[in-house]
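Structure, as structure tokens:
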Amino acid sequence: MSAPSPALAMTRTLVGAGVVCGFLIVVAYELTAPIIQENRIEARQAAVFEVLPGAVATATFQLQADGSLQAVPDETTAGDLVFAGYDAQGGLVGAALEAQGMGYQDTIRLIYGYSFDKDAIIGIKVLESRETPGLGTRVETDPVYQANFDALDVSLDAAGQALANPIEAVGAGKKQHPWQVDCITGATISSKAIANMLGTSAAKWMPAIAARPEALARPEGAHVQ
Amino acid sequence: MSSSSPPTTTDEFIKGLWRENPVFVQVLGMCPTLAVTNSAVNAVAMGLATTFVLVMSNLAISAIRRFVPKQVRIVTYILLIATFVTVVDYAIAAISLPLHKALGAFISLIVVNCIILGRAEAFAGKNPILPSLADGLGMGIGFTGALLTLGVVREVLGMGTLFGVALFPAAFQPWVIMVLPAGGFFTLSAWMLVFNALRRRQRALSEPA
Amino acid sequence: MSASSHKTFRHGVHPPEQKDDTKDLPIRQFPFAPSLAVPLSQHIGKPARPVVREGQEVRRGQLIAEPDGVMSVAMHAPASGTVKRIGLLPGGSGMVPGIWIAPFPGSTQEVTEGTPVHPDTASPQEILQAIQRAGVVGLGGAAFPTHVKLTVPAGKVIDTVIINGVECEPYLTTDHRVMLEQDADIFHGIRYLLRLTGAPRCIIGVESNKPDAVAHLQARVPAGLPVTVEMVPVKYPQGAEKMLITALLGREVPSGGLPSDVGVVVVNVATTAEIGRLLPHGGGIQERVITIGGPGVKKKGNYRIPIGTPLRFLLETVGVEDDLTTVFLGGPMMGRAATSLDLSITKGTSGVIAFTKRQTGKEAQAREYPCIRCGECVEACPIFLNPSQLGLLARVGRYEEMASDFHLLDCFECGSCSFVCPAHIPLVHRFRVAKAAVRKERAAAASKQAAQKEVERVKAEHT
Amino acid sequence: MTPEPHWQILLNSALVNNFVLAWFLGICPFLGVSNKVGTASRMGAAVTFVMLVTALATWGINMLLDTVGAPYLRLIAFIAVIASTVQLVEMFIKKTSPALFKALGIFLPLITTNCAILGLALLQTNKGYDLGRAIIFALGSGLGFTLALVLMAGVRERLELADMPDLVKGTAASLAVAGILSVAFMGFAGLGS
Amino acid sequence: MSGLDKTLLVSSSPHVRKGRAVDRIMFEVMLALLPAVAWSLWSFGLGALFTLLTAIAASVLAEHLACRMVGRPSTVRDGSAMLTGLLFGLTLPPGLALWMVVVGAFIAIFLGKALFGGLGYNPFNPALVGRAVMQATFPVAMTTWVASTAPERFTRLPSTTLAWPLTQPVVDVVSGPTPLSAWKFSHQATDAADLFMGSTMGSAGETSALLILLGGVYLVGRKVMGWRIPVTILATVAVVSGALWLWDPTTYASPWFHLFSGGLMLGAVFMATDMVGSPMTHTGVVLYGILIGVLVVVIRTWAGMPEGVMYAILLGNALAPHLDRLIQPRVYGTTRKGKAP
């Protein structure tokens, strides 16, 4: 190598490499960003449709510090979000909410659908979990367990500030009330964890949305399937 | 192996597949080897992503090898590798979000996969473009192949499927451990044994007693 | 167990004692063999220098070889007779220099005597010389020159002389008999030892399986002699110097050190008796007491036997069982298996024990298992080594590590670990091999270093 | 939602989701530097320290990149930060404790390519930890890494004396031990839920 | 004089041995397990019989094959494989599909033992390696417990037992929770006397604390086994769980419950005491016992699994080399640091 000054050569190399790399990365980012965004929204929408049967369009709202709900662009990822689902006529089917909590092995993240008509949780979908396959993952497949969420009561108490009956996990086959969750024998931790995270999330969200479906009225440009 | 004649480009390609297989012989890149092989699809995707980075970084490094002062050699290499990894990361997210999620942080972690920096240092930094390409491709495919051997075993036993297609009747009892971390260790350990035994037999055959 | 027998050391083992056959048999004189083979190196150190010629006639007790330096002792004729040959004869580990003597048949075998030494008037130096001249070595089996052991290093004060009457090896009853029959010699020997070391007191330690010896000695302690007799519980290897010191005084001899470092000198009871017997007349050792026993011999007993008696003659004399398989010199725990019947009795031979198929047959079948880390050896080792770990390291030849990390060189090969090992691993044997390898390696390294230094010194001088 | 309590993060990262035995991060040093307990524990300490520093630095970088709006530079920035952190630590140790520097030898520079460190930075970003949680997470992960490494080293030291079939010696045996350790660590699953 | 005319046998000292060899130790341990085995057969009938026999046979076969594969003489006769098989079988739910029993026994022998060079070199208890891997492999089957003393137990096998290889067993027998899972998931305590006597559900060999203790007492009496490990484990469990229980008896199970339920007795008496995987020195063994005891209570109380004994012991095994390393006996004539004083 016949570099006249090592410092100059070093700087030249690093700056040169930096420029090229920066360029490459920015190009890749610019090219893929819209596709990735689209993928994300689609994935979320698919989940919302799954927990809110009958919905064909969604919109994203954000819970503000003053307790009001405000429509935000679908790309938004941060903040307390609620996804409203609408039927073909534009009527509100329900609200979908994300909840997460510690499962057996790691954090479980799920989305659940709330129906204003039934005043109950009407479906859940696990988005992310590292539960034991065949054991903890039965929360996603077990029909008896899933039936818990056909109509899980989350009605508010008289004051409207808390759930009338907190969601409660009970042993397999012991469910007596609509706010109770029947656990799965052999996957008790995971099934309990889900009941708990639903309970926590519902206790926080229901006072904010249950009484006012009008706040989630379909805004312009809601995403349609 | 004929050590008398200089290695050809084909030799450079072939060696990564078997004789210098990055996983079974050099025991490099163990983290992704174990982490993302719980299904064959993940294994292949990871292997291809790594191959892409390997080939690209080998090419780039081989191309600029004469202009890089040795004080900043490693830094430049890492910079290049990180760039290609970022590109791959975005590409996978654009192709399939679930796949991106399944591979998780391990796509980004290709940066610190010793195979890549290792090949850059040991080969691409000293050789012309064509052999470097062959080397990167060979190592990459060798790596992908190794990942696939693990992925196939783990998916078939652990879930009864291969590339997501059910292989057995519904009564099949999956071996859950195979898709758990421990299963990764055990499967790789078993493959190492098989590979050692094969290599030993090969050596025994090539050196008549 | 008697009330005074609570003192002992930690760990150790309990091999079957097997002393009943011979402990009540008084010491008898063993006949002279037609030819006696006297090795010149019956002690640790340099072989003695012969002072007789081939064909020369010698009288029993006459000096036939003189000490060659400090680590060496004199040798005396075990019988009156003719020096047949001076040359190599079979020893424990290969051929060793020695002298053949053919005793005169029917001779009276009177003992020649030399210069007497009086215990109360002689100087310590004179006593030491007399002991060396008498050819006294540790008769317990170690055969270490006694005068060397009794030389108190400058700056050390000895406060206790311990007489070792423990005799913890199975089968052996020689010390037991000596204590019962030679009490006067023992106490006389103690006088010399106390004079020599300047110690104010002496303890005779005896295991509790010899209560008669304890009672016998206790009743006969001469007035004014500061001697106590203490009983210690039966446990192997209590007869080892370090163990006995710990048992009686609760002191630990530092690793790599000597008993004198803790103010003690330990002398075997038979050695003491020999000193007490020989020094007043200036004689030398021509015979010793041994136990001939074990299931393989017929006329078991305790015998006073001329040094140099060939093993074959000995066994022919007492008679052996037809299915005899192994003969060992010393006790079964630390004694060495005889490689040939041409070996002869030396000063260090405390017994000749013979086993038949019955004992060794089982042994041969007992195959070696891998170490199962049961820890029995750790519980047995009297110096608290970890024989299991040492054994595993020895198996893969990591000798230096054994020495540097696991105190290999502290092992004195008592055999407790091998005795208890349920996997039948020859631990002691492996340790011996390892120790030899380490010593060789270290010697080589040291000489290399010395050579290096020399080279550097020469270099430095030249520049 | 309520953020995880600190003790839960610590338990999780050290035991339940052990970096090595559950996440497969840092396998190379785990296999490479676990043949002696002494080196293993030193390596563990060094990694834990670098993890703490990295957690701090990458947390800051992440904030910066988010404000600037250049998330695509994250990976490059992280790896640059880690490389220079390791360099700094190396220089610092060389100055203050040459003995430790010598003992760590080539392991120090190797930490740069240790995926446990970069993995920590990425996971911490994914989980959106605040500074306190990030540090606890780094501490737990480092302890977990050290624990796995040291346990492994203890077993391997013993295996060195074992009469293993030749075929098994080396990586295959280490991986089998790692698998068994991983199974044993499954007992911790659910702790802190 | 024929006795002197042949070549002498030459051996290295010492020339006498204490006697009890390794195979004998294995035999004694199996003997000590007999009462627990008998109880298991009585309460679970054919299911337990088939499970135990299959486990033993498969282990012995695996040991033989493992030796043959590496060209070593078969070590089947030392009895260790048989013992491993028996212990492994005793930790299984009676009625487990036999093909799974075979898989587990092969895992126990190959992965737990043969891989590392066979008897004496296994860092972990082979039976527990088999058990733990099986738990992770077939979690459902391994936690399906048949009722004890079912009336038809001597006349028919549980349908699960004969499931075709590689297929899922179909459960048709009365199954239910073990005392531990009943406590963990439904907060139901089981009567201490039932636990002690063993009339509960559970693994083939773990139900009767009394009979296992009896075996342990026999082994300690015969000096095959030290008392320190089981005693420290049990004492630690009693103390830690007792403290929790006193603090809040409604949340935490009583020490009696902890002591006599699940695999604690079997683990403490027969598994943790496996010489190969436990430390050697007295101090080391006590620390090992305390560690296992604490882990048992911690896992049972706060972790996901109802039972933590096997994990606790495996972790104890992993720590044993360190305990051995840290607690070397102080060599005679040296100070703690290894130098002469």
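Which chain is which? They are A, B, C, D and E, in the order written, and residues in each are numbered from 1.
Basically, a contact is a pair of C-beta atoms (placed from the backbone, for glycine too) under 8 Å apart; a residue touches a chain by one contact, two chains touch by 3 or more.
Just so we're clear, the structure is a prediction, and the values are computed from it rather than from any experiment.
Asker: So which chains are sitting against chain B and chain C at once?
Answerer: Intersection of chain B and chain C contact lists gives D, E.
Asker: With centres defined as the mean of C-alpha atoms, identify the chain lying farthest from chain A.
Answerer: Max centre-to-centre separation from chain A belongs to C.
Asker: Need the central chain here, defined by C-alpha centroid distance to the all-chain C-alpha centroid.
Answerer: E
Asker: Using the touch rule from the top, point out the two chains with the most contacting C-beta pairs.
Answerer: Per chain pair, the contact count peaks at C-E.
Asker: Could you tell me the distance, in whole angstrom, between the mean C-alpha positions of chain B and chain E?
Answerer: Each chain's C-alpha centroid was found; their separation is 40 Å.
Asker: What's the distance between the Cα centroids of chain C and chain D, rounded to whole Å?
Answerer: 59
Asker: How many angstrom lie between the centres of chain D and chain E, each centre taken as the mean Cα position?
Answerer: 33
Asker: In angstrom, rounded to a whole number, how far apart do the mean CA points of chain A and chain E lie?
Answerer: 45
Asker: What are the residues of chain B that contact at least two other chains?
Answerer: In chain B, 75, 79, 82-83, 86, 90, 176-177, 180, 182-183, 186 touch at least two other chains.
Asker: Can you tell me which residues of chain E touch two or more of the remaining chains?
Answerer: As it turns out, chain E has residues touching two or more other chains at 111, 117-118, 120-121, 133, 136, 139, 304.
Asker: At which residue positions does chain D touch at least two other chains?
Answerer: 22, 72, 76, 161, 163, 167-168, 172-173, 176, 179-180, 183, 186, 189-190, 192-193
Asker: Every pair of chains that touch: which are they?
Answerer: Contact pairs between chains: A-B, A-D, A-E, B-D, B-E, C-D, C-E, D-E.
Asker: In their shared complex, at which residues does chain D touch chain E?
Answerer: 37, 150-151, 154-155, 157-159, 161-165, 167-168, 172-173, 176-177, 179-181, 183-193
Asker: Under the definition above, what is the set of chain E residues touching chain B in their complex?
Answerer: Of all residues in chain E, those touching chain B are 100, 111, 133, 136-139, 141, 163-164, 166-169.
Asker: Okay, in this complex, where on chain D does chain A touch?
Answerer: Chain D residues touching chain A: 1-2, 4, 8, 12, 16-17, 22, 72-73, 76, 189-190, 192-193.
Asker: Under the stated contact criterion, what part of chain B meets chain E in this complex?
Answerer: The touching residues are 168, 171-173, 175-178, 180, 182-183, 186.
Asker: Using the touch rule from the top, collect the residues of chain A that touch chain E in their complex.
Answerer: Residues of chain A touching chain E: 104, 132, 134-135, 171, 183, 185-186, 188-189.
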